[in-house]
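Once you scroll down, you'll see the structures, which are given as structure tokens.
Across the two complexes that follow, subunit A remains constant while its partner is subunit B and subsequently subunit C.
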Partner chain A sequence: MMDNNSAQRLPGPQAGAVKFTMLLAGVVLLLMMVFGFVMRAAQGNLIDLDPAMFYQLLTAHGAGMVGTAGLTGAAILWYFMGRYVPLARGVFWAFLGLFLLGVVLILGAIFIGGYGGAWTFLFPLPANSGGVWGTDAAAAFLLGYVAIGVAFLLLYLEVGRKLIACYGGIGGALAWPLVMGKGTAEDAPPPAVVAAMATTIFNTIGTVVGAAVLASSLVNLYFPEFKVDALLAKNMIYFFGHVFINASIYMAVIAVYEIIPEYTGTPWKTSRVFAVAWSLVLLFVMAVYPHHLLQDTVMPAWSLAMGQIVSYLSGIPLLAVTAFSLIVYLRKANAMRWDLASALLVLGVAGWSVGSVPAIIDGMISVNKVMHNTQWVPGHFHIYLILGEVAMAFGFMMWLIGKPEHKAVGGFNWAAFSAYVLGGTGFTLMFLVSGALSVPRRWAVHAPEWVLQSQIATGFALLVIVGAAMFVLRYLLGLKHSAGR
Partner chain B sequence: MKRRLRPGLAAIIMFACILGNRALEADPVLHVLVQLPMLGLCGALLAPRREWRWAQGGFAPLLAALFGIAFWMLPRSIDGAVSFPVMTLAKFLSVPLIGALLVIGWRQAHALLRGFLKAQAISMAGFMAFLFTHSPVRLCNNYLIDDQWRLGHGFLFLAIGLAMAWTIPLLTNARPRPSPRTRAKPITPVQSGVSA
Partner chain C sequence: MAIQSNVLLISLVLMAVVAGFFISAVRASRKPDTSAPREVVRTRFIYALLTVGVIVTAVSLRPWPHAISAANGPSATVNVTGAMWYWEIDRETVPLGVPVIFNARTTDVTHGFGVMDSQDRLLFQTQAMPGYVNQVEHVFRQPGVYRVVCMEYCGVAHHAMTNEFTVAAAN
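Then we have the complex of A and B:
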């Protein structure tokens, strides 16, 4: 345990590396949005796009968005944990280097090797391309994931061991003494630490499971006689994928816990219910993944029932650590100052909370039977990302550059924010409407009856891109300005 | 354990491994998951307790040990140790050396490297489990396919056991501690977030 004197010697957040990472992430997010725009335009018959290229773009968009969401979440986690524990700086550079190596391998696999098996790399699809891509391209894609997985494990190893050492084990960092009535809120770790510890645990487990199925798939690529049980592989992949993308949002919410108090003048402390909710999140995030497999009738019935029940239950702690927590906090706060950063962070919490509703609806077996392979599901996760995680990431970026003077939301900032919210809302609503009309997802070519929805969505996608481009531009100018100061 | 007892214990283990070699080699689970770790333990017990300059940071001894372990992870090497006396001799000489190198390196390794190696050990045990349980052919001439599957399951239990052994202690020492770093500007002490 460190006393306050030794605490003063802590190096503090690794601001330069994190700013650089967020710049890279902002540019990649913009590129991925352009890929999404192109796909929706192709589905709306506004442009001609070769179906093979559509699936390559779909793969790049999926892998790129999930990866970048993870990257921004990890950067946020690393930055704010640097306030509380002394982190080894080299680890973040190793993380970033391995991550970029993974990106190069994935992009090479897709745009040189022609890999188009979607970000989910569902076994045995990587090995069964029907001649569209080669074994080496699939291997490069999987190795790219492995590099990114190792990067995350390395980062979590450093964060985890420091939190465990400084806060009295995993239980201490998760505020279990407070949960069990043995400690006080004053002694409890801050909300950011509780969130970081929980995400470190469940995303480490998720990444390890993902690494196992990746290694098995790699062996299968070159030695097809080594076959993995396809149902087991699907379970492992969806466990990994579900946990990883959720972890990116749970890491990003750390920015809300740390930054919003600067705007209200009121510290955000860990309460007992907050700590209980995070421990439940830790369990539910890992237990809820069978709701992705409700159409796999060969799954044991108990696991599908669990998928539905936990889908319902998981919404409760999720809302407790996000919307409810924020609303209760803001009610107790003295006043809230609004600028682009705080607006985006609050939007992120709102979007995340709203985005959970379509997921809970899709988690019902009777609904899932007809809705899961429609655009309803992209509607859910695009709300989670555009109006949730990515909004929080942009909010963090705006805070990074605007720290000295919080500028009011007006003029350029207001235009960017409005374009982003309007575009994001319209774009995701079109997915939900299309899903309700049974428009299938992941189809390169759409029937004439579905074209109008895609065309409207394309317009909203353009608005999202305009808003995001303005954020990135604002960030670039802000970086330049802060470098000159 | 008292230092003077270490050579004696190492000698007992070594003799047990030599005398029981036939019996241990007859079963791949005993051969790979009992005899090899015991030989490694012999080396670990005999490793000099001093800090070497060449072993700074633990990189050189740990890297050498990892290459050695990688060699003895190959089914071909295990098969050779049963079939050829030269390989048997190599096993009795090299595995204790690997154990000694692991201890020397471990003592001087950074905590981050130790954590990485623990994760690597669990994942490699899991991978060996996959290899031995999913291989459609016998990987060793000396062992039947059923033995191979048993070995695979042994590796799976090893991976689970190591994961539990290394993570459960991290859960059990929860106790209230003040935050190691207070904020630069603590503001009014209002209990916020979800109220208790």
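Then we have the complex of A and C:
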């Protein structure tokens, strides 16, 4: 059993593969941001876009962003778990290969087959397009998801079995002895391991549930007499979708636990409250999903009440443990070293925390009744993606690249950071304002009175793209100096 | 003020508070800070969050937001059916000032039955899902024309799936 944070670090995590993955992810993120920009420009009447193409872009943007968030989270998880347990190198390449196969299938389904059923593939929409796309396009899209799901299951199988073997079972890797008051903080696994074990468990369960509903939907495509209960399918889809996107953030925060101590000079330790928080996260992430079904009044009332209550409770480990601890570490630091990496990682936790506020408020049934599926929803999740998960991913990328002068805060880097933060803040606030004005989400054509917000948002989206493009450029230029990582 | 305006205001204030804690910590990060919060502050913070949570939960779930109370008094029932890409409504006029129960159905994919007032402010919504009837109740306080929109993505003409009905005092 490994019992200590730094002393047991293994040499040679799969840095090359991870760096390549992050480069791919950076480029795909940029492309997906451009899709988002085009959609907001179309809603703002700045360009003319056919609704069918709008909904194809919507589908690509949703699937692409969720998938890329998952990819960056998985790369971060893999990289840092490589410090603690010996991972089989071939598994990561198989993961990446299957992931890319999934991407090819999804892009083919959308841009060749015309599929535009949104990333949520809400049953029975894939099978019932109203003549816009065919069965094969829907099948290619769903099979793309299956390939990506298998990729993640493979990765989690390897990480999970190694953590279980090295830390004395699931309970050991989750620091349960510390939770029960039986162990000491010194003997507990490092925070990254606790986070990795919890994420491995809940995202494996989420992916398996996703695979089941994907398989059912695929059979239904070719054998329509095979009926799927729409409410059951919806429960499974939102369970899978919610768990997957949250797992992306919970994997990315491993970068914060591992990297920020290099800047503050204080190790991030697994305390009892930290261990308890992660065990609760494991439960909450899976129990909260009915907050996506608050307007399905045929759902059992207890499940909707649970959705609201757990939605609120989920904020406590985030705000009182991760955010609180980061604030304490920053305040206690004698001379915090700021560069593009540390700034983006701290931004990531701040954005995630700030974004939890409108999310939790929308998780109240009475609020949800007038906010659900308005632009309030993309408002809150774009906060904890643009200014949260994606900021953490960019922070990890900046940390990966070599010389300090490449990531110093100033000049080019400061311009990139400022554009990204300002653009991200303005862009997401416009979504929230539009949501409060009852503008529905996922509408290709907007009423004249909604056009101004879309136009302003388009400008902010451009700023985000400029900032992100500068990050990717900085990463690309810095890669050749990063051999030491 | 509409509920949406209050929600926006409360959210922006709380978001600014959370952001403020981070900005303050970043500013304090370059020099030793003796005022760094201790574990006891974290414990108090958790208890405060739990207390607020219990109060908000109790206030916001009682009465149950999806309660159908109309069975106890005068009411009206409206059947709405969504289909790609239109809404069928079984009456053109609904009564003012009494509980109106909407039964939402679909003939094909999942749609979102949403009702907007004359200022395009969303008043309520429920999902229309294959094989199920979702019920939602609302009391209209203003006469006039109300717009029905689709609030769940349902394909290429999702945004154009609208209809309307009139609210008028019952004779």
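Note that the second predicted complex is superposed on the first by the 457 of 485 C-alpha atoms of A that agree within 3 Å, B and C clash if a C-alpha of one lies under 4 Å from a C-alpha of the other, contacts with A are read in each partner's own complex, and residues count from 1 in each chain.
Convention: a residue touches a chain if its C-beta (ideal position, glycine included) is under 8 Å from a C-beta of that chain, and two chains touch if they have at least 3 such contacts.
Since this is a predicted model, take the numbers as computed values, not measurements.
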Combined model on subunit A where subunit B meets subunit C, clash or fit | fit
Between subunit B (first) and subunit C (second), which, if any, makes contact with A:328: first, second, both or neither?
-> both
For A:320, select first, second, both or neither according to whether it touches subunit B, subunit C, the two together, or no partner.
-> both
Return first, second, both or neither, reflecting whether A:84 touches subunit B, subunit C, both chains, or no partner chain.
-> first
Partner chain(s) touched by A:274 [first = subunit B, second = subunit C, both, neither] | first
First (subunit B), second (subunit C), both or neither: which does A:172 touch?
-> first
Using the superposition on chain A described above, determine whether A:304 touches subunit B (first), subunit C (second), both, or neither.
-> second
On the overlay, how many Å separate the closest CA atoms of subunit B and subunit C?
-> 5
Determine where on subunit A the residues touched by subunit B overlap those touched by subunit C, and list them.
-> 273, 320-321, 324, 328, 332-334
Contacting residues of subunit A [partner subunit C, same complex] = 51-52, 55, 58, 116-118, 120, 122-125, 128-130, 132, 229-231, 234, 264, 273, 293, 295-298, 301, 304-305, 308-309, 312-313, 315-316, 319-321, 323-324, 326-328, 330-336, 338, 346, 349-350, 353-354, 357-358, 361, 364-367, 369-374, 376, 432-433, 435-438, 440, 442-445, 447, 449
Please give the residue numbers of subunit C that touch subunit A in the complex, ascending.
-> 3-5, 7-8, 10-12, 14-15, 18-19, 21-22, 25-26, 28-33, 35-37, 39, 42, 45-46, 49-50, 53, 56-57, 60-61, 64-66, 84-85, 108-110, 112, 114, 116, 120-127, 129-136, 149-160
How about subunit B: which of its residues touch subunit A in the complex?
-> 111-112, 115-116, 119, 122-123, 126-127, 130-131, 134-137, 170-183, 186-196
Seen from subunit A, its contact residues with subunit B in the complex are 1-2, 4, 6-7, 10, 83-85, 88, 91, 153-154, 157-158, 161, 164, 166-172, 174, 176-178, 182-191, 193, 208, 211-212, 215-216, 219, 225-228, 261, 265-274, 277, 320-321, 324-325, 328-329, 332-334
